[in-house]
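Across the two complexes that follow, subunit A remains constant while its partner is subunit B and subsequently subunit C.
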Partner chain A sequence: MRPDRTPLTLLLIGAAILAVGPFAPQWTLFLLTVALAKGLVVLGLMMLLRCGLVSFGQALYYCLGAYAAGMLGRLYEVSGVFTLMLAGMATSAFVAFVLGFLLARYRSIFFGLLSLAISMILYGLLVKTEALGSSDGFNVLPSTLFGWRPADEWVRYSVLAVAAGVAVIAALAVHRYLGTPLGRLAPAIKDNEIRVEYMGASARQAVHVKYVIAAALAGLGGALAATTVGHIDPEMAYWTTSGEFIFITILAGTGSVIAPFLGALIFGIIQTVAFDISPNTWQMVLGASLLAVIVFLPRGLWSLFRRRKAA
Partner chain B sequence: MLKLDNVDVAIQSVQILRRVSLELPTGTMAGLIGRNGAGKTTLMKSVMGILKVSSGTISFDGADLLASPTFKRTSMGIGYMPEDRRLIPDLTCEENLLLPAWAAKQADGAARLERVYRLIPELRGFASRKGSQLSGGQQKMVAIGRALMCGDKLLLLDEPFEGVAPALAHRLVEVVANLKREGMTVILSESDLQHSERMVDRLLVIDRGTLTAR
Partner chain C sequence: MAAILDAAGLNKNFGAVTAANDINAAIERDSVVGLIGTNGAGKTTFINMITGYLKPDRGRIHYEGRDITRLAPRDITRLGICRSFQIPQLYASLTAYENMMIGIGVVLRNAGRGGFFSRGEPLVPGYEQPAAAVADGLLQRFGLAEYRDKNAQVLPGGVRKLLDIALTMVARPKILLLDEPTSGVSAEEKFAIMEMIMKAVRAEGITVLFVEHDMEVVSRFAERVLAFYDGRIIADGSPEQALNDPEVKRYVVGGELHRLDEEKARPRA
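Showing the complex of A and B:
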């Protein structure tokens, strides 16, 4: 049996980010932090995809997490970054727990479209809610670390350091979960749910649990994105945002818990470069790159590492 | 004891099982014989709860099975091997065997696995091979082992010898015959009496959804 190198790799990546961060340009720190936030959402989607479920509405929980964090600052002037992330995660997990009783009954296209419909309901509600800035959204209070606010030139690095720490912990937790009995049932659920039932597990309960975990990760990502960007708006719940997460999931592949973060980073780089080169047609570049990945790497970018290992 | 009383099962308004009644005392090995489409698989799936019973009752050791979903029936000691084996190709033989232990969070999973290895020693030989690397007969063996992980009281084997090379089928017959010595209740289905005739205590003949004991 090969040794499990994922935890060590994750810790090394986290340490590398912390070490290189102070010397990197500010815009790369921002890019990396947003990639880590989106990577958290994709990490949850990866878990669902391993069960054969595609959520077209994961932006619902991303947006809920962001708004929970933003509103805590707006209403109660809470700025502690860990409190905000915890609030984002808890809000999304709670909503997913309730909605999960409905969604865990559905599969394939019905699951996907139902999740999309619910995220669009949230979008509609936010757009119509003037107290939350309607379609303009509102600015998020600058975050602090246990009451300490770093100097301006260190803000981006501080947020990145927190994001890297949170992402590593979340990835390690999911990696560990995937090794537990419930986590290891994912391929069985994907392959044939009835078999899972006659082997002694409730597929619906298993899906429900994974759905809540995925939502908690999305909420965490949303809260992190809100503190990084400093602004939130209903677009975070819009279907194109959910599509972006699906895009990254396909780009990354489901082979490892590291893949979602790699995919989110590659996505961010392609998006930034494409926008820089061709501001009016950057979506074409994104579309072409996804097409290339689907054709040449149907198991996503992570399969490149798998192939190297196999060779 | 497994008891079915006037069980009716319909699939999409087509009546498959008609007033099926059956009593199988503990330790009985029963052969369920019938042509394709007679209702053998439907009967097993109904006992497992995979198909809904439209009327009648099914009980096992006094407990009403119809009140429990499929995943809870396994915790009563009922194991099921479907006709098409349904191993997960990317998991090893041992991981496929352990799936029920993971699914049902069995604390005694390791002991159950040892029991399976004791009953089917061949499984140890290809424990680390992936499901996709096993022959059809070996896959059947793993599938029986997996059903045994849950089924320590009642085992439902759907066509266990179907499509298996004669030498391996002979070995599978031995494996199933050994279960009888373990005191388990077993129902095994076959389209004819080719393998099961000599080992079964009771023969159940099913035709167009109606059961007749012989």
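Showing the complex of A and C:
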């Protein structure tokens, strides 16, 4: 058996981010932190995609996580970054646990559209809620690290460091989960659910568990994004946000737990560069790059690494 | 004699069609039972009711003294009743080995082994070996070693059948229901394949129920025969008794011979 190099690679990437961070320009720190936040959401989508499920509404949990974090600050003046992330995660996981009883029954397009519909309900509710700033949203309190607030020039780096640590832990946990019997069931559910049942496992239960984990990761990513950006609005639940996550998932591929973060980073870079070059047609550049990936790398960017390993 | 499985008064209707009409059968532990009958006679319906895929409209099924009539397929599987399929149900995009590992994973999980927080390599219950060893051992036992790393979707029909049956063995069932294990296998290979299946399965003392259309295979391998016709069991006894029963001759074997004649009359491709 090939030795499992993923945990070591993850730890090295995490360490590299921490080491290079202090010397990197501020805007790259922001780009990287946002990529890590989105990567967390995509990590969850990847788990679902391995079962053959595409959630067109993962922004629901991203937005819930962000609003949970934001409201803790707004209503109770809680600013501890870990408390905020935990709140975002727990809120999304709880909602997913409840909705999962319904959604875990559905597959393919029905699952996708139902998740989309629910995310748009949240969007609609938030837009109509004046106490939460309606469509403008509201600003999020600057977060603290166990009561300590870093100096201004270190804020971006501190948030990045926290994000990197959290992302590495989350990726390690998901990697471990994918190796457990329940985690390994994903391709089996995609291929043949009848057989899964006749082997003595519940496909619906397995999907439910993965759905809750994916939502928890999205909530975590949302809380992190709220802290990083400092502002939240209902756009976070809008279907284009969900589309962006699916975009990154397909860009990245399902080959490894590292892929979602790589995909999110490359997405961020393409977006930034394209916006810089042509502010009016940057979406075209994004679309063209996704098309190129689908045509030339049908298993996503991660297949670049696979191929080298096989050679 | 204590029955391991007891079906009493099973009825099942699909609209106007009666698929099971007062089916009564007690299956003894460690026996091999052949289920015969023409297509639509109710054999697969019987298997589907035992494995929980269909719920009977009336009647009860007891397994080791426990009522399993209303249980879900996965719960029945966990109790030790496993089945293979007439059309193999495999994980098409995975290799033969990976197929086995998925099955073993489920067994591990149901036994609470190999979870997120467990350390070291878990041992497969019943085999007390690591998963990889069990997978390779079973592939070996069913003569599938050379197909280990091939995707299930590209395997030949007979091999897919064997893999389908090998998959049921990971859970060490007490009762195995084989739905037409030799269908789609050439006449020359039928006996060899059946021989291999029986050897692999009977070594574990598993009670076997198998659906079969080839009467020679039935009389060679079955200890007892249940003949189905029109949703009823019309004969129940040793192969000699059942196959010579006038009703069976008329409705089951006769029909079969008729079908064989038809096949022979067809020009060879």
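Here, the second predicted complex is superposed on the first by the 311 of 311 C-alpha atoms of A that agree within 3 Å, B and C clash if a C-alpha of one lies under 4 Å from a C-alpha of the other, contacts with A are read in each partner's own complex, and residues count from 1 in each chain.
In this section, a contact is a pair of C-beta atoms (placed from the backbone, for glycine too) under 8 Å apart; a residue touches a chain by one contact, two chains touch by 3 or more.
Predicted model only: the values in this text are computed from it and were never measured.
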* Asked: For the three-chain model obtained by superposing on subunit A, do subunit B and subunit C clash or fit?
  -> clash
* Answer with first, second, both or neither: which of subunit B and subunit C does A:P187 touch in the superposed model? => both
* To do: Give one of first, second, both or neither to describe whether A:A201 is in contact with subunit B, with subunit C, with both, or with none.
  => both
* Check whether A:Y177 is in contact with subunit B, with subunit C, with both or with neither, and answer first, second, both or neither. => second
* To do: Based on the superposed arrangement, let me know which partner A:D4 touches: subunit B (first), subunit C (second), both, or neither?
  => neither
* To do: Please write out, lowest number first, the residues of subunit A touched by both subunit B and subunit C across the two complexes.
  => 181-182, 184-185, 187-188, 191-192, 194-202
* To do: Write out the stretch or stretches of subunit B touching subunit A in their complex.
  => 48-50, 69-71, 73-75, 80, 82, 86, 88, 90-91, 95, 99-106, 146, 149-150
* For subunit A, which residues are in contact with subunit C within the complex? -> 1, 176-177, 180-182, 184-185, 187-188, 190-192, 194-202
* Structure fact -> Per the touch rule above, subunit A residues touching subunit B in the complex are 181-182, 184-185, 187-188, 191-192, 194-203
* subunit A contact footprint on subunit C (complex, rising order) -> 51, 72-75, 77-78, 82-83, 89-94, 98, 101-110, 114-116, 132, 167, 170-171
